[in-house]
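Presented sequentially are two complexes of chain A, the first with chain B as partner and the second with chain C.
Up next, the complex of A and B:
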């Protein structure tokens, strides 16, 4: 188990290094002089030159990348030269909002998706199964931004049940959860469909296996067979997909944070890319990719816990 | 074997019992009560900003985002007067006058206080505030706004003189009542090392003070109990950062905002039907948008070709597509209400395809392929498509290149590689301060390759720009700026499109205060 986890961790670190370095190189190659974009039309040439020097923009790209990693190894995300603050400051302020949004989306979509998938499998070929199938595909097909806009118009504007913007008062958990409902719903809905379909297919496969038949033969109650023995195995593909799906949810978070005017990493990345604030973009990228890889690692770890075969695989 | 009962197949599991019904309705009832705590906010003013104020010290300020904040927490010698005409009201100054073309004398009101025990506002603070912007070591981007100001002379605790080394008329419009005119407390700023680096400043003088900054979300202000003027109407002001105008409109309709600027595409809809309990106001904006032509491009070197393009563009049709018909055509770069505004363009806004064809024939051009660079927003791509269609009618084939903002705003800059050499046509839009000098300063010869992407260079224009700065007679200034816009249009490098408009949507229990261009003066907002 330890070796397995170590291998996965080493792989994650390699991916982090390659992905962040590649993104840095691509970003620097983008057209658009960061000193002009960031400092605006009133800045003098002297101010621009000074800014470029502080940002290290005069160095070759490879040197900039190595300097970036050198700082990271020393635990320093860099300096936001424009606002004269450490990059870690806005990134760490934004991260909890994005993490909460993604967690909310995963929790509700996984709970409902697994439940619907398991019930569909248990009630195969019934009206419930067919309706769930149609709904699942509809959820998958519905773009998140459409869901977001409709839910805003219906639940925020028309019914005024939920707030349209913001993230709630810090320190007031009910208020923050309340502000999470609509964005969490918008980015999680398609995952309900995905997970329901995956769990259903997986459940049907597992239900036809010998150990389930044996369990039935021993007279173990059906609900116990379905929801304890079968579901435990059937949920594995869903856990893997969810781990990888965090990447997709991070992308959705960019748009959700803009549409719902929430603070978060997505919004910070968007603003920093358009303003060419390289240090903040890189800090955000590092944290986002790191967050994604951590989630993938956790998914692998859960899979390994649930399925001993994975732990023993060489 | 006895069949196992599947609880999910049980009729008991799905039956609606009285208990379940009561549980369900109670749950739904609780949901409808949830919003009550959120929308009970009569003492809070929530106002949208599209650009987050992210500098803590006025010396570092760069735009209206900061002005919204500083206007609430600091004071100035004079401040813009809300309404439809540009002008100023006395703020800290009891009296202020242009004593000579290079001297502005002021007398401060007495007993105007700093908060938190920093005492009275004196002429020392005025001197300190202006001179730190002029200090090269501070690297302030506001230095240019102060023009020829050299120093401030203190003549008494409450009086002083601003000295200029040559006349500089714009100081009244863009410096004293705007960012560069913000007065900070000398004692407090020196005590924190010469620059304010925290969201909550050591002292304030305006009607509000900072309670909290939530980065990426909002600035929260609260009433300043030590304010020397009349108490602010609102206990709390949230300056909420919302990048997207449509999101802000939905936020206001949902009851989460009290005031927001709305997008051009929404204006017609809102004119027809406003959300209940809201008001819509429209103001002429100071922005100016135009189609520019690169004079150094070989394809555009013949003035007849450029003039043909000017005539080929039907400005009203372009604006109908881009702004849903919610804005008017412009006559130049200086907006109505300002000195130098032209009443008419030399070429009619509708253009004339016959003249355009004739000009192309005279230039010996039958077909012409050009690229048009635009920002990748719906307004600009729509405008570009209309221009593409009308230019196509006279044999000019336009290829549209849309750019995200970071890429677009350095297209014509020589410091960003050779991309400026590929520029042919570009749809552009600049912001503006309420003085014509601010508009013309980007089109001088020294701005070629920086912000003058048309590479327009005209000695008469450059001279007029300098002369108008020093001219204090507004009638003469007006004539100078009109002539400068004529020169721009005659060069064939410009087709002026619009000044846009600022449309604001707000709830009817708020009385907003806005500048003539519709930008909010939050410190003057009142409850209805």
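Up next, the complex of A and C:
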């Protein structure tokens, strides 16, 4: 078990290194001169050259990347030159909001998706199965920003069941949870469909395996066979997909945070990209990639808890 | 002796795209208390359908056309699923062919074996004790420490021992052993057969033993059921059937047993021809097309079971003369 995790962790770290380096390189190569944005149109050529020198913008990309990593290892995400504060400040402020949003989306979509998938498989070819199938595909097909806009319109503006904007009063947990419901619903909806489909397919496969026949032959009750003997095996691919799906959820979070005017990494990235605030964009990228990799590690961990064969794998 | 299982005129069809496949036709036999009865026959002869029918685990497209299967006084084919559920694993149990896939991979064997006892009104500690006890009997070393182990941590032979322990834990009246040693190598095969024999005599259950291996049947069983294309073509005491088979199919099957080939040869003997298409069984005797003795009579008339001696019959017009 320990070795398995060490391996996974090392892999995650190397992915983090490669991904963030590549992103940095792409960012630097984007058209648009950061110095003119930062210093304004009235800056002289001399001021800009001076600033570029200060920021290390004249160095080769490789050197810039290595310098960047050198700073990160020392816990310095860089300086937000637009507002003159360390980058870590807005990023670490925003991260919990996004993490909470994604956690909310995963929790409700995984619970409902697994339940619907297992039930559809158990009631295969019934009306319930067909309706779930159609709904799942509809959920998958609906883009999350459309769902976000419509749910805002219907549940917040028309029905006034939920607050429309903001993340709730700081320190007031029930209020913050209340503000999580709509955005969490919006970005989780398509995942209900995905998970239900994956779990259904995987359940049907598992239900035809030999060990299910053995369990039936030994008189183990049907509900126990379906919800424990089969589901524990069938849920494994769904957990992996969810772990990877956090990447998709992060990009949905950008829309949801803008639509619902929530603070968060997505909104911060959007604002920083539009203002060419490179250091903050990089900080956000680094943190979101780190967050994403942490989530896949958690998925691996959950899978190892569910599947003893993974635990003893060398 | 009183029969533990009495199967009469069991016929099962499968609804397929090509039409109704008559997988079992008019299968009858009985198993006495404490008896081991073997079932032989080539692949596709209906052995698996027979097991699935008795366990009521048939696929959805199966249709029970006729027949009864009395386990003591309960008809396994007629009782409700609920009643059947109560019998499975307790009065009638199975050891399956492939121990590598027969056990749930993500639940510890201790838990799986405790789950089988869900109908018992005893404490969990007692259930555990019972599990340890039976695991010890099947030869798992230090069973108490192995309760939390998962199937992949056992070797193939050990897994089959665990499967046998699971099947016999509730002391069933009838155990169906579906080629329990086919997936094991020869040394393990002998060990597992010994084990089955020992436990059988201790528990006193009857066994329906399905196998391709004629030598194993000869050694283990007292009676044998010979199946061909969904029918029981011959039934009788092992000694008689092996010494003087009455059905031409049985005779050919015995000739194909590698253990009986005396001369060196480049070609292993086989039975020429193929199994008939069971969606449209040919008229007359089912074995007619592959039989050397087939006559006009075999085409016109389906042979009834002909008694050869007490408890020994064959479905062949020439059963007696063929001896």
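FYI, the second predicted complex is superposed on the first by the 292 of 314 C-alpha atoms of A that agree within 3 Å, B and C clash if a C-alpha of one lies under 4 Å from a C-alpha of the other, contacts with A are read in each partner's own complex, and residues count from 1 in each chain.
Just so we're on the same page, contacts are C-beta pairs under 8 Å (C-beta built on N, C-alpha and C of every residue); 3 or more make two chains touch, one makes a residue touch a chain.
Worth saying up front: this structure is predicted, and the values here are computed from it rather than measured.
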Residue contacts with chain A in the superposition, chain B compared against chain C: B
Touching partner for A:221 - first (chain B), second (chain C), both, neither: both
Which of chain B and chain C A:282 touches, first, second, both or neither: neither
Which superposed partner A:273 touches (first chain B, second chain C, both, neither): first
First, second, both or neither for A:119, with chain B first and chain C second: first
First (chain B), second (chain C), both or neither touched by A:189: neither
Intersection of the chain A residues that touch chain B with those that touch chain C: 219, 221-222
Footprint of chain A on chain B - complex, ascending: 1, 4-9, 31-32, 34-35, 37-39, 54-55, 62-63, 139, 141-142, 144-145, 197, 214-218, 240-244, 247-248, 250-251, 253-257, 275, 403-410, 413, 415-417, 419, 442, 451
For the chain A and chain B complex, residues of the former touching the latter: 30-37, 39-44, 46-48, 50, 83-84, 89-90, 93-94, 97, 119, 122-123, 152-153, 156-157, 160-167, 170, 175, 178, 219, 221-223, 258-264, 267-268, 270-271, 273-276
Chain C - residues contacting chain A, complex: 55, 57, 85-90, 93-94, 96, 98, 101-108, 112, 115-116, 118-119, 150, 152-153, 163, 166-167
Touch list for chain A against partner chain C, complex: 209-222, 224, 228-229, 232-233, 306-309, 312
